[in-house]
Structure formats: structure tokens, C-alpha cells
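In what follows, chain A forms one complex with chain B and a second complex with chain C.
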Partner chain A sequence: MKILTNIAVSESGYLFNPTNGDSFSSNLVATDIITLMKQNKTSDEIKKALHAKYDVEKSTIERDYDEFIQELGDNYLLSTDGK
Partner chain B sequence: MSTETKEKLRYERPMIRKMNAGLMNKFGTRTEYQPTSHIDTVPVKRIIEQYGSPCFVISERTIRKTYQSALRAFKTRYPKVQFAWSYKTNYLDAVCKVFHQEGAWAEVVSGFEYEKAIRNGVPGNKILFNGPDKSIAELKQAIENESTIHIDHFDELYDLIEIVETSKKKAKVAIRVNMDVGVYPMWDRFGFNYESYQAWNAITKIMNCEKMDLVGLHCHIGTFMLTAGAYGIAASKLCDLAVNIKAKWNKTIQYLDLGGGFASTNTLRGSYLPGNDISPSFDDYAEIITSTILNYGFKQEDLPLLMLETGRALIDDAGYLVGSVLANKRLSDGRRATIMDFGVNILFTAFWYEHKISPAQEFTHHSEDMVVFGPLCMNIDKVRESVNLPLLNRGDQVVVHKVGAYNMTQWMQFIAMRPNVVMIDMKGEVHLIRKNETIDTLTDLESIPEHLKTFKF
Partner chain C sequence: MENKKKITVAVTGLNAVDSPGPGVAVARGVRELEGYDVRVIGLSYEALEPGIYMEGIADKTYQIPYPSAGSESLMTRLEYIQEQEKIDVLIPNFDAELYNFIKLSPKLKEMGINTYMPTTEQFEARDKVNLYAFCQKHGFYVPRDKTIYNASELPAVAAHFNYPLVVKGKYYEAVVCQTLDQAQKAFHKLEAKWGLPIIVQEYISGTEINVAALGDGHGETVSAVPMRKLFITDKGKAWAGVTLEDSRLVKLAKDFIKVTNWRGGFELELMVTTDGRPYFMEINPRFPAWIYLTVGAGQNQPAALVRLAMGEKVKPYETYEVGKTFIRYSWDMIIDIEQFQHFSAFGEN
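What follows is the complex of A and B.
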């Protein structure tokens, strides 16, 4: 899954989708995930990075990550071309 | 922010929220939430460590404070006031005893509650015996103990007329009166109706029976009454009966009992405004009740004692339910759901109230709308239909507020066991006041017929 390349994300968690004008607020973990996605990290790399940074179990990240990706999709923030 | 681990940050589920400026949903945009990390100086975390999750917590300090403020509201306006603790609201002995220490009598509605009051050391003549179900044996016991029997229906009245024929003591009685107070639906299934002269008819029968002493008139017009004015109507109708009794038989009625029904500050389900903003205060109720009686024209020496059977408004605030997040999930329509380790089995009042829930630990400013489910495998097990709460992680602890009334009496043993109940005393010490149930609590009551004892697959 890839995030739309033109999404702007600020450090404070403000997200802007120039394609349709939607804006979002995101929390710290979400901001980290989006930033890493924009850097083309793989999902494994992203999960590892989260585990290193936060006090959380791997299984929790695993589940939350999948759900979060779905949520990005529901909000039209994932690119539909390719995988 | 986590203070426990220096190296790693406190984790919060990743969340994005679309910002649609200006649009407010039904629930407002308010996130009033502060963590409730302590109850009366005791850390929630410690309570859960020691007593498990979930666990009911009762603040003795809040009970006393609430009782005293209710009493003050009435005593500053009227010379003779007496509260009788409504046992059904919360009949844990420790809770009842706090009320009795404060001076409240007991108001009971069954033989079981009556027994509890006696065991708690309440003198018989300080017990008001209400309700439609009193056995002959219970009526006899009440007469013997000089408790006041609040007669509910004619069949009970006839029972009493028969019983007193052979008893040595007179029966001290009151009648429960139902009436139109402008609030619908009208509660007319208990007691004798005022408007149709049924009440007057019952009074006449009692006055004609030498071995009954009519000491009081009682009403309980409903529960969670949001209009204080209804009590003015109720009080004036009871006054009318008392004045007519005086005129006809020269009999002075000792007390008028206005029952319970004052609203607590909980928010009713479906209400657009929070309970804090719309529930009348003790002062509002006291003002209308006492001014009605004082202005009715009683002679000073005939002024009746004002009796009150306030339940929920005296105990709701003092009760908390602490619990934990079992799981988070996303529903098919994208809504968030949080599953707690407590449900409607122990939080019966979730059917009536939009209970305030606060996290017990620090959280960020991010929040989301969610459904809060209980742990039961049942569709009805919903604690909040929709609530905006900070992001909660699995294992996070939460505090549900204002759960003191009716939960610890109407809770069900269904699917899960009933949990521990603790009381925090005035010094901040925690006491176990009801032990959690175990499987033995239940199976000890069961027995298995011989032919069912074994089976093979």
C-alpha cells in the first residue's frame, strides 16, 4: 500500500490532501506512519520503527497498523495505482 | 505522556480525523475529559491492582457531603425534616450504615429489605414499610415492632383490619396516595388515587378502625422528576387530605412523606443537555415543597413532619465503577468500538443514563467518537451508544461516574460474576464492603439429580 505522493504532512500532525482539499489531524503515531510511508518504507520497516520508539507490544502494532491502513483507504489517502 | 518508561514513548493507537470546519455533530465538539486518576486521593490503579477490574468504588465522603447538603436545603426552610434511606437504591450494609449514622431512617419495600434494616440495627419505629407485597407474617412483625406500614391497596388494608382484631398493639399506618401532578405517564399503580376519592375512602376505613393509628400520608410521584413544580402539587394534595382529616375527625397527621424521585445530575439517554444543566437542585425541590406546606394554613402545633425517601439523588454521585479496556475494534461502517470489561450486567443504569466515562491515565488531546460495549455476548450490552473519548489502548483503565444508585441492587448475575465493591472512608482508607462472587457462590445453590451426575461421550 502506498500513500498518495502529494499528501502534505506537518510535524504537528496536520495533513492536507491537495487533490480534493481534505484536511485531517493525526496523532503522533499516525504522523510517524504517514511520514515513513512517504519515505517509501515497507510495512515491516514501519512496524519495527514504531516498536523501537513506543512502549507497545508487537502484536498491538500489527493489528493497529492494518486497521490504520484501512482507515487511510476509507479517507482516499492511498494511491489506487499499483500495490 | 508516559512517566513509567523514560526510553520509550507512551503508545496511542494511530488515528486521523477529518477536519470539517464548522460542522458540529449531535454530541458537540466538547472534550471535557480530564483523566480521573484518583478517587478521593486513592489511585485508581491501586484499587484495580488490589481489588481487580472491574470494581465498584463508593466514596463515604461524598455520601455524607451529599446527605448534609440535602438536609441543609430542607432544614433551613422547614422546622421538622426527616430522611428515610430508600434501601432499594443501594442496600449494601456499609452504605445504609453511613446514612443511618447521618440520621436517616430506613424506607423498605419488601420483607427482605425490612430484615436488612432490622439487622443493621434500625429501631422498628424508624422503619417505613412500603410496597405492594407484604405478607401477613411481615405485617404482624411490623405491627409488633411499631414500624409504620404504608398501605398500598385495599386488599392489604383488609388484611390489616383482620390482623389488628387479634393483635395487642395498634397498627401504625399511612396510606400511599397516587395523584395527578401534571407529569405523564401518571404513576397510578401504587397506592390509592386522590382525584377519584379512593384515598379518602381508604382513610375513612382506617379512621373507623380503632386499632389502626393513621400517622402519615405518603406519595412517591415518580423517579428522576425534572420538574420541581410537580412536588408542589403533590404536597398541596397531601396537605388537603391532612386538613380534611383534622376537620372531620380532629385527628392530627404526624407526617407528610413526599417520597423520592429527585433527579441526580446524571444525563438521561437521548437528552440534548447534560444533567448538570437541567436537573433541579435540592434547593429547588426544597423551596417548592416547604413553601407549599408552610403556606397551607396549618396551625403551628399541627405542622406535620416532612418525610423524604430520596434515593438516587443522595447516592449517585458517591458511586464509581472502575474498569479496563478489553479490546478495540472497527465496525463495518467505520465507527470505532471499545469493549470494556464491564457491561449492562453490572451497570444496569446504562439503559437510562449517558454515563460519563473518563480515562484513568494521561492521554493526548486526540479523541474520537466510539461505541462503548460491555463484555457480554449479547447485542444489548452497550454502555454508551456514541461518545467522544480520548484514544484508549487495550488495558487502559477507565472510571465511570455517578453509578451509586440502583446498580448495586439491580445488577444481574448473567454470563459474568458480580465484582468487588469497596468503600473509601473519610481518611482515604479502602475497605472491601462486598466480596466478588465466585463460581461457588452460584453452584453452591444448585443440586444435580442422581441420574445426571455422570455422562460419557
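What follows is the complex of A and C.
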């Protein structure tokens, strides 16, 4: 799953979708995920990075990651054609 | 020191109020016209239009008669103003006044006043009452609508479109109605304010996107900048907005210009559905009040229009900054009552 390439993310976790003008605030973990997605990391690589950084069970990371990806999709922030 | 050419540009629409005219924003853009020493002449209908008194907008303002007074009385006033000011370019900024200015444009040209407006045919083709047929003809998405002259026609129209539906005034305002009772009230309110006919339109759900653009009159696009409203007032006006990166919207403006050979500035009001279909809600035949955002984003449409009106060749803009945002604000200006009294009494400041 890839995030749209033109999504702008600031250091403070502010997301801007330049195609439709939607903007979002994200917390630290979400910002980490988006930053890693923009670096073309795979789901497994992102989950491993989160596990290394945060003191959380793997199962919690799995669940939260899937929910967050679902949320990105619901807000038209994921690429449907690999772009 | 650079020897700049002097130019005098007149603008209307100085009513920078809660439902603002575009004049102040247009004047700001024109003042940034490169290579020229610009003098701006304001043309106002009311003595309390804020642009008359704002610093750095109009160097001098003259009152002009309301459009309802007709083109002859407007011409008489413009002849007087031209004797004083030697206006080079005039930019009208209201839908309701455009017809008179288009009609007068050959005479204005003879007086040395250049304009860059749509033709009468272009102006009428995109009128609210003709919008559906126009869009159907050219393959643009458009909500179904019905022009009516009597409230008794509402039940039949509502049965056809279902609720919610939109009841729109001839010139301005639209009301989203959920019931027949609401639609009847909206009909009578808009009839009293703007006259007949009333347009009843199918409701389209989606995101409101606007595109400000400039056509060269020969089918080429000089500029097109899409914007999403971030904050909308209770009158439906943008109080904040951001430029978007969407080549489909820019292409839509280019397609519109190509099929109409549009001459001058205009605004597409679009409703983009969740599946990405852009519906034409309205086409305004002049710059919008948020036009200064195009200047901020790198495409000075008012300045480009002045160059076109002066007969200069203008290279089309190719890029603009995405994510440029405008935030409108209100500000209490303090003026002496004498300034207001002088303008009210003499029709000029």
C-alpha cells in the first residue's frame, strides 16, 4: 500500500493533499508511519521500525497499523495505481 | 531609475464587504503590473464601498449610476470621468453591470478606453437559465434544472428531481430545500429580491471547487488556477481558500475556453463528487473576489488582462504554487465624516 506521492507532510505532522485541499493533523506515530511510507518502506519494515522505537506489543502495532491504513484509504490518501 | 510607462486602469466592485465584489482584489493585482506606473480609478455605486477609502487601492473614485439606469446614463457619466482621467483600461467586476459595459465597449474604445470582456453571445451562453443546455452541448457534467415562473410549478419539478433540491435566484443566491414548504418560501424570497425566472436545480453532493481563469478570446488559456474553499460564510462566500494541484480542473477551464473562445476573466464554480465527476454549478463571467490568490500563487490574472486589453501579446502561464492560501479578514477603517460627505455630495473623492 502506497501513500500518494504528492501528499505534503510537515515536521509537525500536518498533512496536505494538494489534489483536493484536504488537510489533517497526525500524531507522532502516524507521522512516523507516513514518513516511512513516503520512503517506500514495506508494511513489515514499517511495523519493525515502530516496534523498535515504541514500547508496544507486536499485536497492538499490527492492529493500529491496519486501522491507520484503512483511515488513510477512507480519506483518499492512498494510491490506487501504485503512483 | 527605470522609466515606467504610465497607465490608468478603472475598476468597479469596491464593495469589500461580507459578500465582496472583486474590485479591491483586482486593483491589488493591477497595481503589481510590471513595467508600468499604474494609477487606479475606482468606480463605485455606493458611498460606503470600503475600497473608496482603503489606502493603496484606488487613487480616486467616481460614483457611477446603477445598471438599472441603463447604458445611456452610464455613458454620460463615463464621458465626464474620461475627460478628467484618461482611462486606458476598464475592468467591470459585477455580473449585473457587464451587459451595459459590453454594449458600450465600441464607444468606450473610441474614447480610448480598452476593455477585455466576453461577447454578448459568450455572456448569455453561460447564463444560469442556459447553463444546462450549454453544458449538455459541450459534454460538461451539469445538474438537471428547470426554469420556472410560478411557485405552482414547484410540486411537479420536485417530483422530478426529488429532495433536497436547490432554488436559485436569477442573478444571485441559492437555497437548498428539503421540503416543498421550504422550496415555496425560497421561491417567493428570491422572486422578491431578484425577480423572475427562478431556477430549480438538482442537488449535487460533493466538494466545492472554484477555478479562476483568463481566456485570450481566441481559444487559448492565459491562466487557470483551481481553489478549494476552506472556510465558507453563511452567504456561501469563501473566507479562506487554498490552491490545488489538479490538472483535470485546469483542463476543464481550458476546454471551456476552447469551446467558447472566452475573452476575459471568469470563474468556474464546480461541485466535484466523491467519484471525481466535476459538475458545473455556475460560470461567473468575471474575476471572482478571491482573484488575488492567483497573484499570490504566481499567475497575476488582473495584470495579464490589462496587457491583453492594451493589445500586448501575453505568454500563457504554465505553473503556479500549490498550497497557497488566502484568509480574508474584516478591519475597521477610521475615516473623517467629511470624506464620506464629500463623496456623497459630489460623487467623487
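Odds and ends about this structure:
Keep this in mind: the second predicted complex is superposed on the first by the 81 of 83 C-alpha atoms of A that agree within 3 Å, B and C clash if a C-alpha of one lies under 4 Å from a C-alpha of the other, contacts with A are read in each partner's own complex, and residues count from 1 in each chain.
What we mean here is this: a residue touches a chain if its C-beta (ideal position, glycine included) is under 8 Å from a C-beta of that chain, and two chains touch if they have at least 3 such contacts.
Since this is a predicted model, take the numbers as computed values, not measurements.
When both complexes are superposed on chain A, chain B and chain C fit side by side without a clash. In the superposition on chain A, A:V29 makes contact with chain B only, not with chain C. Of the two partner chains placed by the overlay, only chain B lies in contact with A:Y54; chain C stays clear of it.
Look at A:N6: by the touch rule set out above, it reaches chain C but stays clear of chain B. Residue contacts after overlaying the shared chain place A:L15 against chain B, while chain C stays out of touching range.
Draw one line from the C-alpha centre of chain A to that of chain B and another to that of chain C; the angle between them is 90°, to the nearest 10. Contacts of A:T42 after superposition: neither chain B nor chain C is touched. Greater residue coverage of chain A by touch, when chain B is weighed against chain C, goes to B.
Of all C-alpha pairs linking chain B and chain C after the chain A fit, the shortest spans 6 Å. Residues common to the contacts of chain A with chain B and with chain C across the two structures: none. By the touch criterion given at the top, residues 2, 4-5, 8-19, 330, 334, 364, 366, 391, 393-394 of chain B touch chain A in their complex.
Across the complex, chain B is touched by residues 15, 22-30, 32-33, 53-56, 60, 64-65, 67-68, 70-72, 74-75, 77 of chain A.
For chain C in complex with chain A, the residues that touch the partner chain are 207, 209, 228, 230, 242, 244-246, 272, 322-323.
Contact residues on chain A toward chain C in their complex (touch as defined above): 6, 8, 16, 18-21.
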